[in-house]
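Quick one: the structure is below, and I'll ask about it shortly.
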Amino acid sequence: MLEIIVFLPLIAALAIGLGAPARFSALGASIITLILSLVVAVQFNPNVEGSYQFESSRTFMDMVGFPTLSLAFGIDGISLVLLLLATLVMVAAVLVSPQENEIKGSSKLYYLSLLLIGGGAIGAFTSTDLFFLYAFHELALIPTFLMIGIFGHGENRVRTAWTITIYLGVGSLILLVGLIMAVFALGSATFAIADLIATAKNPETGIAASQQTWIFAFLLVGFGILVSLFPFHSWAAPAYAEAPAPVAMLHAGVLKKFGLYGLIRIAMPIVPEGMAALLNVLLVLLLGNIIYIGLVTIAQKKLDRMLGYSSVMHMGYVFLGLAAFNQLGVSGAVLLMFAHGVSIALLFALCGWIRKNYGTVSFEELGGIASQLPKLGLLFAFAAFASAGLPGFANFAAEVSVFFGAFQDTGESLGWLQWTTIIALWGVVISAVYMLRAFRNLFLGTPEKKMATPADMTMTARLPYFLLLATLIAVGFVPEILNQFIRPAVEGLFLVTAG
Amino acid sequence: METALTLNHFLFVSGVLFAIGLAGVLVRRNLIIIFMCLELMLAAANLTLVAFSRFNLKEGQPDYEGHVLLFFIITVAAAEVAVGLAIIVALFRSKGTTDVTKVDSMKY
Amino acid sequence: MPVYFLEIIVVSLGIIMLLVDAFVKLEDKRSIAWIGMLGLVVTFGLLFRVQWPESTESPFWNFYTTGDQMALYFKGIAILTTLVVLIMASDYSRIVVDQTAPPEKGAHPQSGLGEFFALPMFACAGLMLMASANHLVSIFVALETVTIAFYVMVAYLRRNVGSLEAGVKYLILGALSTGFLVYGFAWLYGMTGSMQLEEIKTALSGDNVNVIGSLFAFSLILVALAFKVGGAPFHFWIPDVYQGAPTPITAFLSVGSKAAGFIVLLRLIDPFLSSSELVGKIILAVTVIAVLTLIVGNLSALPQQNFKRLLAYSSVAHAGFLLMALACTPTASQAGEFLSPAKVIAFYLGAYLLMTLLAFLVMTTVRVQIPGEDLTSYKGLAKRSPFLAFAMIISMASLAGIPLTAGFFGKFFVFQLAVQQQQWFLLTVGLVGAGAGFYYYLKIAASMFLSEQDPKDDISAIPVGTLSRIAMIVLIALILIGGLNPALIIGLLS
Amino acid sequence: MTFLFYIFAALALVGGIGVVVNRNPVSAAFAMIVSFLGLAALFIQLDAYLVGVLQILVYAGAIMVLFIFIIMLLDVRVEENRRFPFFGALCTGGVAAAFAALLLVVLNRSEVGAATLPALAATEGPGSSDVHRIGELLFSQYWFPIQVVGILLLVATIGVVVLSKKELK
Amino acid sequence: MDVNTTAWTVLLLPLIVAALIIFGLKRSPGLSALVSTGSVLITFILCMILAGGEGGEAKAFPWIDMGDLFRVEIGFQLDELSRGMMLIVTSIGLLVHIFSLAYMKDDKGKARYFAGLSLFMFSMTGIVLANNFVMMFIFWELVGVSSYILIGHWFHKESAADAAKKAFLTNKIGDFGFMIGILLVWVLTGSIYFEEIKEAVGGVTNLALLNIAVLCVFCGAIGKSAQLPLHVWLPDAMEGPTPVSALIHAATMVAAGVFMLARVVFLIEATEMAAQVISYIGAATAVVAALMALQQNDIKRILAYSTLSQLGYMIMAQGIGHGGSDAGMFHLYTHAFFKALLFLGSGAVIYACHHEQDIWKMGGLRRKMPITFATFALGTAALIAVPFTSGFWSKEMILEAAYHEGAMFPYVCGIIVAFLTPFYMTRLVIVAFFGKNRTKDADHAKEVGPLMWAPLAILAVMAVFSAYKPVSGPLLATGYGSLSHLVEHFGLTAILSLTGLAVGVAAAIFLYKGRDKDPIHIPLFANRFYIDEFYNALVRIFQDAVAAILDIVDRFVIDPFVVRFPALAAMGAGSFLRIFQLGNVQSYAFFYGIAVIALILLLIL
């Protein structure tokens, strides 16, 4: 089942390369993967703690002197949630693709790359083998480069494409070294994540504390670059601003979560002491994400850049959940990954729509769109509220969990983590400030004189937006939809952490 | 005063000759002379080889395997000279010079 | 079939090709290349059917390794490289004819082409011999056979100043390194009293090793071999020679010559590494060269605009990674089963062969159509010839070390060795290098995909020869297979 | 014995220096021949008669003649650079001197060369000369490298032929 | 219907209606309005049932369920407090809905408006019924959202859009503190449920932190109830349609802060310092807002500042301790009616005057709109605490409580406000309703229709009588007006407040009778103590300027240092290394030689 989900987009990409109709294949493949992943979610048994389901494993390489490599898939609650995120956003990204102007003529390359990015993310989230976890993620590197370079917006798109590619490339190299260090410090016989964790938990084979610190440092920087952890964030905003909307959706919404997923899945169980040792560093960095980037976001004059920075900023909260290092915080972080993924995808899609129809997303050149296009205005309002973390949307439920996680079991006095959280809470105000400013400047007030007057969204065009929005609201009202999966998985994570 | 000949004597002479050859390669401008200096280096290396084989007795005789290697070196050197000179001649034909400083159209 | 028949077959093929060239009237001399290709394919098949001798009493086995899978592997690399080089050469023949056709009337317009196809066969035989050589003499003669063949091939376009200049540079520096090699051999012989590698190993791992003398010998040999594989600061010839040489020969140099250099380096360094008194210094020396090579290769490639020079620096960079692996040789005391550096190097070279040859194949195809080898020549290639662009991008991804390509595992194994040996500085430099690699390899992708071609120029698809196309597809497939399951390749080693 | 060594060594070294410093290519070539003669004498002093003879025949005789021939053919004149390349010479001299100095250090510290010339065991009868022994080695044990050298020579021949073809005027 | 169904219906019906309107009924605004109004009617009836019922348990819905660690429920605390509050909310909501049917008759965004009202009802219900802090916070935020939507109803007006944003962000700042407070309370007591906190609060040892926690919780109330220093949004919020002002900015939403404090009064009682701060801030707000109200000209703004001032009373009451909380809630209850009445009355006036809001451009409306005038006058009477009106009783109760508890500062402030309120309200009534018609708009004004005056009339009745036990009995056990009580406790407080009333009214009549423009001019008050300007500057300096600087830092320091600099360094190093590639083979040989020597040196030394 999972194998089909993982390989369907890749096969579709191959088919497109060999001449299959591009949009049709992409749409078909992404919708089928979404349906299949929903089926998986329905069949998934949330009551099993800390083990994978839907497992399949093919030993791929068994070589003397090298850990066994298996093409192994399987999901627990955490990966299931991210799988759903990936398939959902991928469908939406394919659906909103026609609103991009630039793809005419090279739709083959476009959809092929899109499927590779999406398929890579799905593969990374469902692999239970460390090697393939890493490898699938890298699948997106060159497609992203091409997508931004060819189909991007703006003068600097080539430069931006360079920046993101080199930056992420270097990040994944650092990550690779960290992973190698971890695997070989454990002396594991396989790359299976479960085995690695089991080895790490065994006090006889676990990694020495001093070594853990180093390994975690590498992992943090490596994963951190992929997640745009401050101060390694500067690739993100311009890249998302200049990428075609679907790419920004997939990258900011899905692919970026890989780094966090990796920290949860690998770094936390394998080098917990390293994480504890570097916790204060992490706290400072995540404050950088939340407060510093938050303020930078306020200063933006264009919607696309603002969204880019805002997606960087919100990563800070996920890191906060990780830094809490307990069940509540981590499950909040996972939920936040999902919620942020969907909401930022929605926002980028809307941004793409505005850019296409008005030719600009500058706050100064636009205004009062809601008077012209009330439906669009309503959609954007929902998306903006979701992103600003208002109740009723998934983001809020997740942020609440994160905040409470950070305060869990503190006794009656406050530590660094708690003070950090209190400062980080100000970020909620900051994000409300920039989101409402954007909404105010773009949608409210009277329309600028020079603005075009496009027709409002049609029903079909709204479909992907509704899809994303409905998800946000459903999860926001009943977070248990996803929490039921996340909870046992995270519990399992901490069971092994403790044992 | 007659000191006994030691291996050092030969090794040193060969090494110095090697260094002289190297100096020639570095300082001369004419490709042909440079090439000659390279041959000089090979020959100098040969002296080391022979000296070692002479001092490394096998059954009371010099180790002739060293001599055999030297034989091959000389052969190869000859072939190298032939090809090398052919290339230098071809270069001279198309460029009209054998000055090594003029052969620098590809750089950086 | 005894293993040395392979070399005999290849040499005979070369001679047959020369004879056909001389005595058979051919309309199109490219059919000579086909003889070679066919023969090489057969030889490659035979590689899997060779037998090792029952007894190794004959003096022959002093010069030729027995039961050595590694040697077979490198012979395979040599044969494959030559095969692809011949395919490229037959595409490239138009340019060769242009630069070498005889002036007099009545001569065959393609005269000179036969030798161009035959010489790689002899070089191939030399490379195969190097793979098996285990005696200073056989190493020397095999190495020189290859080197001299390369002198000729590099300078082959005798009307092209660039080619001749490259030939001269290669000649001078090659001879210089031969000089050092010989001097080093002499010293090695003097220190150990032997020329057979097994015996040298025994001598060096004994008790009374002359440390200084051995190290002196080693440094002279290392210098010469670092020159062959392109280790800094002995790499200076590489960019110039690669640029000037005919493209197929550049490919040959970059793959075949480097692979052979490494197998010799592996064989020659092995006795030194087995000596507990020398090993520390040896590793140090290799580390230093590896660091320099990584830095020089990767960083110098960054500003390159000429694609061939870029690949030249890339070849230096990869030499850096390979030397890095060598510098991470585990000491004898380290227990546990590791992938040995030798295997890693072998795998890396295999991967390197696939991706570099693919790049050169595309480059040759494009070069035949478009004059010039600058990156700008590749503008808009993605629109013009999507297949070529795709092949090139696979090759570049692999060279850059993106997962699911063979090149990734190469780097992976190397980094793994560095982690195991805790060579942190080397590792850092390697990381920087690999990071830079992303940039310069993607530069070509950027050129193909991101910049539009001048509409005034010819924008029709570039014709790709059938053989080239097949070769490209096979190489792409192998790169991806190697990226999924390197064990398939490493399995060939045991 | 030692005395002779010094003479021959001086011959070889002076010849070598002559190659490096002679501006006239022909003179340089002749200086090289002198050097090779000195070397050959040193070989003979080391009881390597065949090698010494080969050195004279092949190197001094054949190879150097080839060089001189090419020099004459190409009509290479005295190097045109009139100014003495002071800096280059300094660097070059430095490198060469450093190399020689290092060699001294190696010789000094390795103590490999302290051995005095050992006497050879007396041999008698046919087959005891070095020509014999080398020949025997070459064509029994070393038949394989010999074959390879054959290929090498073939390649060299082809190369020379190809490279020296008639050129457009 | 059992309690469970009733409670859930009360909570969810408005949400369903809101969703229905947004996603389905947008094209038929008339129907939307009716559905929305009908839903409020139903919830009102259900609340009556709830209030009169025997009580019982309503099942909770687990919203976030992490087992023992953390469990957030959407659950109900159906005690007297919440049931009474629900009645206030739904009854006023109902009246406002009815009023809006007429007031918003021709508005283009009618459907959206009623969706917003329904959403607001949903949010407010949630706050009132919540049995835990997180649930309350959720609806707390939602109230902010619906207020944003309603204030910004006429979003094409720049001022409305700005006001909505300002209201929301100011609230958000309060919520920042609120969330910290909730977290701290959770840390200290281990629970987010009010009942459990109540039990656990006695065991808290870290009292300093508890004080901080309570103050942080209070921050939420500051924001929502527009206390100093976060009061700035409320006057601006008058940009919304007037019924909205009546509903949420007078009667319900702003009261949420008071309600919340009443809900957690056990926490306040457990702390001394925090309680004091709360009452001081409330008192200060009461005075400052009253001072600001003196010099306003916009009818709705005057009412807005008076709301601020009254809210100050209520907050003050929450902080002064025993009995104060009840008094505060009592005032909340009476205030809800008369302030809604005043706002709706002003709405009627504005409607009649073609959306003219400046009182100096009205005048003489007494004759044109007699019903409106009558009801408005009754509302004013209640507000300025004319004896025996509802406002009189509740205000007395607060002042008495303050006096009783010996909270001098709040008490003095309360008395001062008792002087000021009659003054500015009388000024308003005289200028707007007496004298002659100053503009054409006022001249053409005529009485509004029954759909509008009917709610006014009902509210007017409530404004007068709501304080008496037969009416308030079912709602508030402790708060009611009775003559005997007054007689019993007649003392300094009553004298002072009656004096205040008399002096204030007299002064206003003396000053404003027959005037066409304001005879006194106090820029400090008119400009609201320049607090808005101060905040604007603060935002500009500390937020926008810092943001701009950081943006520059990000672009020209972080980006260059982390990205461009290494890239340039690598490129530079590459270009530098290329220099050695001289093209001259001898130079290569030279490097070769040097390298050989270096290598040998490395190895043998």
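So that you can tell them apart, the chains are marked A, B, C, D and E in the order they are listed, and the count of residues begins at 1 in each.
As a working rule, a contact is a pair of C-beta atoms (placed from the backbone, for glycine too) under 8 Å apart; a residue touches a chain by one contact, two chains touch by 3 or more.
None of these values were measured; they are calculated from a predicted model.
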item: Separation of mean Cα positions, subunit D and subunit A [Å, integer]; value: 70
item: Distance from subunit B to subunit A - Cα centre to Cα centre, in angstrom; value: 65
item: Centre distance in Å when subunit B and subunit D are each reduced to the mean of their C-alpha atoms; value: 5
item: Cα-centroid distance, subunit D relative to subunit E, in whole angstrom; value: 102
item: Numbers and ranges of subunit B residues touching at least 2 other chains; value: 18, 21-22, 25-27, 34-35, 44, 46, 51, 53, 55, 65, 68, 72, 76, 79-80, 83, 87-88, 90, 93-94, 100, 103-107
item: Residue list for subunit E, restricted to those that touch at least two other chains; value: 567, 578, 581, 583, 585, 589-590, 593-594, 596, 600, 604
item: Interface hub residues of subunit C, defined as touching at least two other chains; value: 137, 141, 144, 148, 151-152, 155, 158-159, 168-169, 172, 176, 190, 212, 216, 239-240, 439
item: Chain contact graph, described as a line, ring, star, complete graph or other shape; value: other
item: Touch relationships between chains, expressed as pairs; value: A-C, A-E, B-C, B-D, B-E, C-D, C-E, D-E
item: Residues on subunit B engaged by subunit E in the complex (per definition of touch); value: 22, 25-27, 34, 100-101, 103-108
item: Residues of subunit E that touch subunit C when the two form their complex; value: 567, 570-571, 573-575, 577-578, 580-581, 583, 585, 587-589, 591-592, 594-596, 599-600, 602-604
item: Residue ranges of subunit C in contact with subunit A within the complex; value: 336-340, 343, 382-383, 390, 393, 397, 400, 402-404, 408, 412, 415-416, 419-420, 427, 431, 434-435, 438-439, 442, 445-446, 449-450, 484-487, 490-491, 494
item: Sites on subunit C touched by subunit B in the complex; value: 136-137, 140-141, 144, 148, 151-152, 155, 158-162, 164-169, 171-172, 175-176, 178-179, 182-183, 185-187, 189-190, 193-195, 239-240, 243-244
item: Contact footprint of subunit C on subunit D as seen in their complex; value: 106, 109-112, 140-145, 148-149, 151-152, 154-156, 158-159, 161-163, 165-169
